[in-house]
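Two complexes follow with chain A in common, the first pairing it with chain B and the second with chain C.
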Partner chain A sequence: MIRIEDLSVSFGDTEAVKHVSLDLADGEILGVVGESGSGKSVTALTLMGLVSDSARITSGRVLFDDVTLREAGKPCDKALYRTYQGAGMSMVFQEPMTSLNPTKRVGGQVEETLRLHTKMTPGERRECVLEAFRSVGLQNAEKVYASYPHQLSGGMRQRVMIAMAVILHPRLIVADEPTTALDVTIQNQIIGLLREINQKQNNAMLFITHDLNLARKLCSRIAVMKDGEVVESGETESIFEHPAEAYTKRLIEAVPSRMKRKGTIASGEGTKDKTPILKVKDLSVFYKDGNNSLFARKKRQCVVAGADFVLYEGESLGLVGESGCGKTSLSRAILGMNREVDGKIIHATKYPQMIFQDPYGSLNPSKTIGWLLMEPLRARAALDPSWSMTRGEMEEAACDMLRKVGMSDKFFHRKPSQLSGGQRQRVSIGQALITHPALIVADEPVSALDVTIQAQIMELMRKLQREMKLSYLFISHDINVVYQMCDRIMVMKDGRIIEIGETEEIFAHPKEEYTKLLLGNS
Partner chain B sequence: MKTQKKRKWNKYLTAGLFMTGFALLLGIVGIFWTPYSTTAMSAAEKFDAPSLRHLFGTDNFGRDIFSRVMEGMGTTVVISSLVVLFSGTFGILLGALTGYFGGLLDEIVMRVTDAVNGFPSILLTLVIISILGSGRQNVILSLGIVFIPSYIRIVRSEFIRLRDADYIMRARLMGAGRMRILFVHILPNIFSVFWVSVMIGFNNAILAESGMSYLGIGVQPPDASLGKMLSDAQGYLQTAPWYALAPGLAIVWVVLGFALFGEGIRRQKVD
Partner chain C sequence: MKYFIKKLITLIMTLFFVSVAAFLAFQIIPGDVVASILGTEATPEREEQLREELGLNKPPLQRYADWITDLLRGDLGESYRFSKGMNERMPVSELIGDKLPVTLWLAVLSMVLIVAVSIPLGVFWARSKSRFLDAALGVITQTAMAVPSFFLGILVTYLFGILLKAFAPGGYVSYQKDPAGFFQYLLFPALSIAIPKIAMTARFLRNSMLTELKSDYVRTAYSKGCTERRVAYGHVLRNAMMPVITFLGMIIAEIVAGSIVVEQVFGLPGIGRLLISSISTRDFPVVEILILYITFVVIFVYFLIDILYRVIDPRISEK
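And then the complex of A and B:
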């Protein structure tokens, strides 16, 4: 039904998509898998006629039922596209927060598609929207119809987006990372929903993702993209079992999975005779309501209640939970960044450090890498004279650290903006470790990275743990990542730690329903 | 997304640099040397039209207007620079402290700036001048005070935006002192925004100084200033239009130059 033949798209001098050929039949789900910058989104946007005007098609064409939608050398025929958009093909975007208009009720927004493409009366349109809401599993459709986007949860918003995409029963649905912004448990519901719609309406689906596991669950065929090219395509299972290309192999291996656990250092030994490095006793963390006005009464909201655990030397303790469960608040309290706490936090060491999630926000953009690595030493010297060093010694230490995190000295004078995400995360780790802290709080350190980079950073963190005898409090929403990294795991839900135990034990015999749900979903 | 223009030479910056550079040069030279004495009167040369002898012609006392524009430019630029320096420094200090710490200090400072903003600025300078008396220093002081709030607002909002950034949290974690975080970690990151407002502020200062001189509460005779010249020329608009045109064009030239310069800096940062 859809054929993309030899498509190449360039922006200026850079070629984003190179000679890509894909085809898609009715009722089929094709997964396009690749890391960021592999050209998968540009391919989809070109197919949909939504790619920006600065893009040029340098070769190939896009066919929909043998009608040429887009051809090399010709400008985008917007009028032609409009006859297909909505009714013939539709799209589900990644970010459900921004793809709905915040000032309009969602019912009206979905209805607009009908108003543009059908001749229904207002009453019929309303019925049709409510029907669509019910079919995507939104309970209380009437109430959702009258809600504004901000009144809905992320999962509900994504369901609304899907309802909007399928309401006209289009023959092609392009889903661009539709679950990436959602929590794991919601993620699976959405995947199930997409599969159900595909079976019911028999439409073709182009599913774009960076997550191989998701693609495996949903798609019948997979195309792997790298640097704008399709490096491999075929039936899903055959690709997973016998990847032909080295890149595909690497991609599959990089995906953290429960099948192949890489041993951590502390495994095997009991935790009884170990020295605790951090004790948390009956800790509750509060959050002051944000209103900064002088006369507003400050309300305290409890975000973590009764946390109780011990972290031992040289151990990695995982903290798993969905967004909003309080894991970040707990970590901030442990680091002393939030003083609105009850209970006790006992540190055996001074100055615990942190590794942040977003490698683009955690390095000061106005400084050089060398300056960033030396700053912790300067700050420490100001607090503790025994740390004072000459400039030469500091530079030496910074270069050492650069090498330790797997980067060369030539980065010393560069700025963060000249580095890739993975390199930034390495610098970020180096910055945390340069003062030799014993405790590191890692808040989703690999979530913002591509899978292959993810594997490298996890490997680096393990290596540094061995070399520098670090203890990690490792926070993640991805239970597979935690499985790979941690000796023990804590599961957190709604501000409470509901389960804590050895990794293997929790995975083999989860006690709580919620833990089972988390495990079952990944 | 990458576009084809990779750091193309910024035309705004070039034009701005040329115009401000020329004006500054004229002004600085004018402080030390002018073709004619700015106070030398000559009854024989009253209202001479522009010629090679007198580039911009002469005024009602037969003084060379080009020389007076040079001197006036110098006065105006020096006053405006000092005004921006004064208000910018206090703006950064107060904006940084209020934005980063918030709380009671923030509340007080913001209400005071609201109050200052509530008055028309020319009225406020008038009040300050009438208390302190006229004269160069007092012009600078009064304009400086009037301009502080605009800088506080800009700096404060940038500090609020950046105080919760991950890299600032990291700086706190590594034990950096508060003042170090404020002025070493955060301040360099707001400069691109701050520079633009300095350029705009500079323009406003030039216009305000000219306006004050025009009203007669600015620089006192025999000092030349562009605004003063404009107000003197008013009566001779019909007979000697060049008298008003010269300082007027000079003001336009400087203001436009700085506006282009500021825009150039902003674009340079965005690209």
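And then the complex of A and C:
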């Protein structure tokens, strides 16, 4: 029904998509899997007629039934596309927050699709939207109809997006990473919903994801993309069991899973006779309402309640929970970045360091890598005169650190914008380690990275842990990543630590319902 | 409700501080109103007499207290300089009452011109695909922004007044005499005020639209099958207006507070002229009231903008 034939798309001189051919039949779910920059999104946007005007189609064509929607060398026929967009084919995007217009009520936004493609009366349109809301599992459809996007949760917003996409029963739904921005428990519900819609309406679905496990759960066929090309495609199970291409094999192996655990140094040894490096006793963390008014009294809001745990030397302790559960607040309190706390935090060492999630935002873009690596040394020297170094010594230390995190000296004079995500995260790690701290708090250090890069960064962190005798407090929403990295795990929910124990023990015999839910969903 | 009370308290506090500051400034700056009224050759006795008449012999604190009690009773005081008939000083309320409507109408007319022209122009500009048009509009707006308003006033006078004979330069008619003639005359100073502001606002809106057009929700709108026109007016404009509204608020405050230069060029008896002459003659009661008026207008306009924000973007009122 949908055929993409030999499609190539370029932006200026760079070819983003190279000779891609895909086809899709009614009722089929095709997964397009690849890492960032593999051209999967550009392919989908070209198919939908949404790719920007600066893109040129250099070869091939896009067919819907027998109608040619887009052809090489011809400009995009927008009027033709508009008759399909929303009615014959529709799209669900990654970010349900930004993909909805923030200043319009969601009911009206969904209704617009009907207004554009049907001749219904306003009353009929409203009924139809409410019906669609109910069918995607939004309770209290009337209330949702009158809500603005920011008044809904992430999962609800994505349901609204899906309602918008399926309201006219299009024959093709393109879903571009529809669950990536959501928590695991919500992720599963959304995947279930998409599958249900697919079965009920028998529409074809192009499912784009970087997550192989997800593609395996949902798709009957898979196409693996790399650098703009389809490197392998076929039935899902046969690809997973017998990947033909080296890249596919690497991709499958890189996915953190519970089947193949890579041991950490502390595994197998008991923790009882170890010296604690960090003790947290009955810690509660508060946030003051950010209201800067003269008139309003400041309210304290409790975000972490009664946290109680010990981190031992050389250990990796994982902290798992969904967004908003208080894991970042807890880590900030431990590092003294939030002083609104009750209870005790006892550090055995001075100057713990932190690795942040977003390697794009957390490095100052106007400084060189060398400057960034030397900055912690300068800061430390200001606190502690025994750390004062000459410029030469600092440069030496920075170059040393670059090598330790697996990068060469030539990066010393580069700027963050010239580095890839993985390289930036290596620099972030280098920044944290250059002052030789014993305790590292890593807040989602691999969440923003592609799977193959993720595996490399985790390997690096393990290697450095052995070499530098580090203790990690490793925060993640991804329980599989934690399983790979940590000796013990804490599970957090609504500001409380609900379960703590040895990794194997928690995975084999979870005590709490919530932990089971987390484990079952990932 | 709580919000309005808060805003009201802020307004009153600001007005109080501004009035104190203006009073203090008048204590500090050199120059004496008595000397400026009587000239340098007055006798000391005459000076003393006038000083007593105006209440200037009292200590400053008491003078301020008297002034503010009068004000709270609704008495704006009397001008030191202007007189009404024989031996009677002109009440400030009458003095301003004549001139305020001129300035206010000028401001309203300018604002209508600015909003009515700059918003369609900005949207059109943001949507224009032609590089030539884009560059041309860039040059035109840049020029319009750079021309000083007195010069623009002269240009408008020359073009519309002398060449096209659309109005008689210097032939201002008051509202009471001929309302139609009044507005017809006012249109041209309003045009001189509006042209640079239209250029700035259109430019600002265009940039804001171009940023918004890159947002994800725009892609969603297209994926539903919206036309470009629908996306621009139905989705993007509202979001793009947010920063533009702040900018418009600043412009309104500036215009309402008196477009001194343009009033001079077109010979309009507005408060801009009054303010300048009152400062130079140290006519304190007039200046103080004008300053309070300007402060009030500025704060009030910002208050309206704040409300407009909440109407446009529902996220703000819920923080």
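Keep this in mind: the second predicted complex is superposed on the first by the 520 of 522 C-alpha atoms of A that agree within 3 Å, B and C clash if a C-alpha of one lies under 4 Å from a C-alpha of the other, contacts with A are read in each partner's own complex, and residues count from 1 in each chain.
By definition in this document, a contact is a pair of C-beta atoms (placed from the backbone, for glycine too) under 8 Å apart; a residue touches a chain by one contact, two chains touch by 3 or more.
What you see is a predicted model, and the numbers here were worked out from it, not measured in a lab.
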| item | value |
| --- | --- |
| Room on chain A for both chain B and chain C (clash or fit) | fit |
| First, second, both or neither for A:Leu116, with chain B first and chain C second | second |
| Touching partner for A:Thr83 - first (chain B), second (chain C), both, neither | second |
| Chain B versus chain C as contact partner of A:Gly12, first or second or both or neither | first |
| Touching partner for A:Lys143 - first (chain B), second (chain C), both, neither | neither |
| Touching partner for A:Ser366 - first (chain B), second (chain C), both, neither | first |
| Which of chain B and chain C A:Leu383 touches, first, second, both or neither | first |
| Inter-chain angle, chain B to chain C through the CA centre of chain A, in degrees rounded to a multiple of 10 | 30 |
| Which superposed partner A:His509 touches (first chain B, second chain C, both, neither) | neither |
| Lowest inter-chain C-alpha distance for chain C and chain B in the superposed arrangement, angstrom | 5 |
| Touching both chain B and chain C, residues of chain A | 293 |
| Of all residues in chain A, those that touch chain B in their complex | 11-14, 52, 54, 292-294, 335, 337, 351-354, 356, 358, 361-367, 375-376, 379-380, 382-383, 431-432, 435 |
| Residues of chain C touching chain A in the complex | 6, 9, 215-217, 219-228, 234-235, 238-239, 312-315, 318 |
| Touching residues (chain side chain A, partner chain C) in the complex | 48-50, 78, 81-87, 90-91, 93, 95, 98-104, 112-113, 116-117, 148, 150-151, 161, 164, 293, 295 |
| Interface residues, chain B side, partner chain A - complex | 1-4, 102-104, 106-107, 165-167, 169-177, 180, 185, 188-189, 191 |
